[in-house]
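Residue numbering begins at 1 within each chain, and the chains themselves are lettered A, B and C in the order written.
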Amino acid sequence: MLEARDITLGYRPGDSVLRGVSLRLAAGEWVGLSGASGSGKSTLGRLLAGHHTPRRGSLRLDAAPLPPHGLHPVQWLPQVPELAVNPRWRIGRILAEAWTPDAALRRRFGIADDWLERYPHELSGGELQRVAVLRSLAPGVRYLIADEISSMLDAITQAELWQTLAEIAEQRDLGVLVIGHDQALLKRLCQHQLRLENGQLWAEP
Amino acid sequence: MSTAPTPPLALRGNPRLGLALGSLALLVALAALLLMQPQLAERAAASDFQARLLAPGAEHWFGTDVLGRDLLARTLQGLALSLWVGAAAALLGTLIALSLAALASLDRRLDAMVGLLVDSVLGLPHLILLILIAFALGGGTQAVIIAVALTHWPSLTRVLRAELLQLQQADYVRLSRRFGKSRRYVVWHHLLPALLPHCLVGGLLLFPHAILHEAALTFLGFGLSPGQPAIGVLLAESMRYLSAGYWWLGVFPGLGLLLLVLAFDRLGNALRRLLTPREAQQ
Amino acid sequence: MLEIDRLALDFLRYRGLWRRAAIPCLHDVSLTLARGELHAVVGASGAGKSLMAQALIGLLPGNARLRGSLRLDGELLDATRQAALRGKHLALIPQSLAALDPLVRSHHQVTWAARRAGVNAPRAAAERALTDVGLVGDSARRYPHQLSGGMARRVLLAMATAGEAEWLIADEPSVGLDPAHRAGVLEQLRRLADAGKGVLLITHDLRHALSVADRVTVFHAGTTLETAPATAFQGRGEALSSDYARALWRALPDNDFARPAVHEVPQLA
């Protein structure tokens, strides 16, 4: 169980992006999170993955604080995969920075062996996003924060990516927070949905 | 827009050909210059009172000066000297810029201090600062190198600092830490490799600046000693004779300096384009 | 009528430091755009849609090699003519917000665009274009960094429309916008088409393109596979002629969310 309790966070003193946000994500659970742009969805997502420290409130994994060093058990997946990988590295090295997925798993994500020798700019956005998703699935990762990862993808690539991720998540009992705008997509993927408005979370009917 | 013939793929029409040939020519010329330096020094110092102030001709291509010394040899000797001084100053300036940028990236207060330092040095008139430092250090080759290095780091520092700031905010750098990589790993594998091309280009573009300012400093009498055949010294000497019609004394050393500076400036800019992913393919 | 006929495009890229190879990016791109039409071009990112837009407006990078033909009202649209028409009759709404000058207030940028387009009263034209996209008063006077993504998109839209261009090419105009702003931008494009302009909407988002487009061209791997009326996208896609277009339609989350098998859609192989 990943549990955020009463989180408050702002970039400037006196100005809070998140105001007393509480959220629980269980293993194997898929939760959708939507909200207008600038509502703080991404901030909340990054915070859960340890990229921000809350000004107030607590973040716990199975009732224990999250580890400050080492592989973070909650991984954040950003919208633009081109920014999530070092443009000077080959795909093989990019994957290996987190872990070494075997050939079978690579194949499930449609990552051909010869991609490993290529540079990020030689792959399309959809291809690179699959690399970024596979990279985040290192053993020890328990929760994924998928921050609009398919909003730049065409429908086929989007369906492929989510179906594959859903299979793996089921096998490994991963909890997934899906951040996005597309209500149809969120409805497809998630058991229930939340909405971030004025720095606070509301349950979607 | 109608069907065009298939483009040439070999050497012909390769836009990098010019860059490669240019760099090669420059390199050969510089190597030759440095190899010939001992003989040049001899020729440059040899005075011949029978051949004072000769106009450019078959024997002395660039003419001779008031002591009958061969101006071609003196110009080349001056350029070689400029090269050493410029290279040393550019290297030193780049190192200063890199260290300050790294320092600024450590925390917010240090960053503000480095920013202030950059702005204040940029705000001061270049040449005056240059003269003050060179004067304080007592002149000579070392003083010129230090003075030029100490006045030429700010713009590169600014570039490197901005680049570093952007890199530290980059998603892939943040993710690297969440994959459990140490700070040191991030610096060595993500940050430094990204900064090195900037340092290389920045250093190369510093070079012509350094040469020009060395010459200016020497011309004004605060740099290399008048006994050394530096371009600045040659130009300063020529001032006395220009009005008497001895134009070659100023024109050839000046032209040599201009060509050297231009060559390095072009090379630096071409290299910068080569290392910019978006422009590299064109 | 704007016609793209069997357009193909190679890029010369360096392999290593020195050797260059031609990388084919567009193979066979054909479509037509009529006045008063909103024509959507839908396909995966990296399929070459933006390159097609750049080729149309004549702003390809120097290492691109083009074949095939572009025609405007029957006449060949070559580089000289493109340069003459660009910004006046032919306007691009670029994908990147970096196209805005960060040091200039937005209404000035729109005024400049109007002046470049040769409008008689550029300031009034800019004002009108900004009002049309819903930017009035203070929000039209901000610097680009003070604008939200949605507002910046609308400034780009205003820049393209201030000059009364007849042909508009919108490259992913709704990327990064939330649903309300996306609807606003798409509706604005629809209104421009209804006012008699030809609008080419380049997008990866089939669902929302369908809500405004007259015709849809499905683009895959540098090739236009099929052009169909927007109404053909319904049911299980029986009215569509290519397998890929059908798979694209059925993969939408509110349809089957189906991951097509390779043997069903040969283009995916």
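In this text, a contact is a pair of C-beta atoms (placed from the backbone, for glycine too) under 8 Å apart; a residue touches a chain by one contact, two chains touch by 3 or more.
These figures come from a predicted structure and were not determined experimentally.
A.B. asks: By CA centroids, point me to the most central chain in this structure.
C.D. replies: The most central chain, going by mean C-alpha position, is C.
A.B. asks: What pair of chains is linked by the largest number of C-beta pairs in contact?
C.D. replies: Per-pair contact counts point to A-C as the maximum.
A.B. asks: From chain C, which chain is the farthest off, judged by mean CA positions?
C.D. replies: Centroid comparison gives B as the farthest chain from chain C.
A.B. asks: What whole-Å value do you get for the distance between chain A and chain B if each is reduced to the mean of its CA atoms?
C.D. replies: Using C-alpha averages as centres, the distance is 47 Å.
A.B. asks: Taking the mean of the C-alpha atoms as each chain's centre, how many Å separate chain B from chain C?
C.D. replies: A distance of 45 Å separates the two centres.
A.B. asks: Could you give the separation in Å between the centres of chain A and chain C, each centre being the mean of its C-alpha atoms?
C.D. replies: Going by mean C-alpha positions, chain A sits 30 Å from chain C.
A.B. asks: Specify, in ascending order, the residues of chain B that touch 2 or more different other chains.
C.D. replies: Nothing qualifies.
A.B. asks: List the residues on chain C that touch chain A in their complex, please.
C.D. replies: Touching chain A from chain C are residues 42-47, 148-150, 175-181, 204, 206-207, 247-249, 251-254, 257-260, 268.
A.B. asks: Along chain A, where are the residues that touch chain C in the complex?
C.D. replies: Checking each residue of chain A against chain C gives 36-38, 123-127, 151-160, 162-163, 181-182, 184-185, 187-188.
A.B. asks: Which residues of chain A touch chain B in the complex?
C.D. replies: Per the touch definition, chain A meets chain B at residues 49-51, 69-72, 75-76, 78, 80, 83-88, 97-98, 121, 138.
A.B. asks: State the interface residues of chain B toward chain A in the complex, per the touch definition above.
C.D. replies: My answer: residues 170-172, 174-176, 178-181, 190, 193-194, 277.
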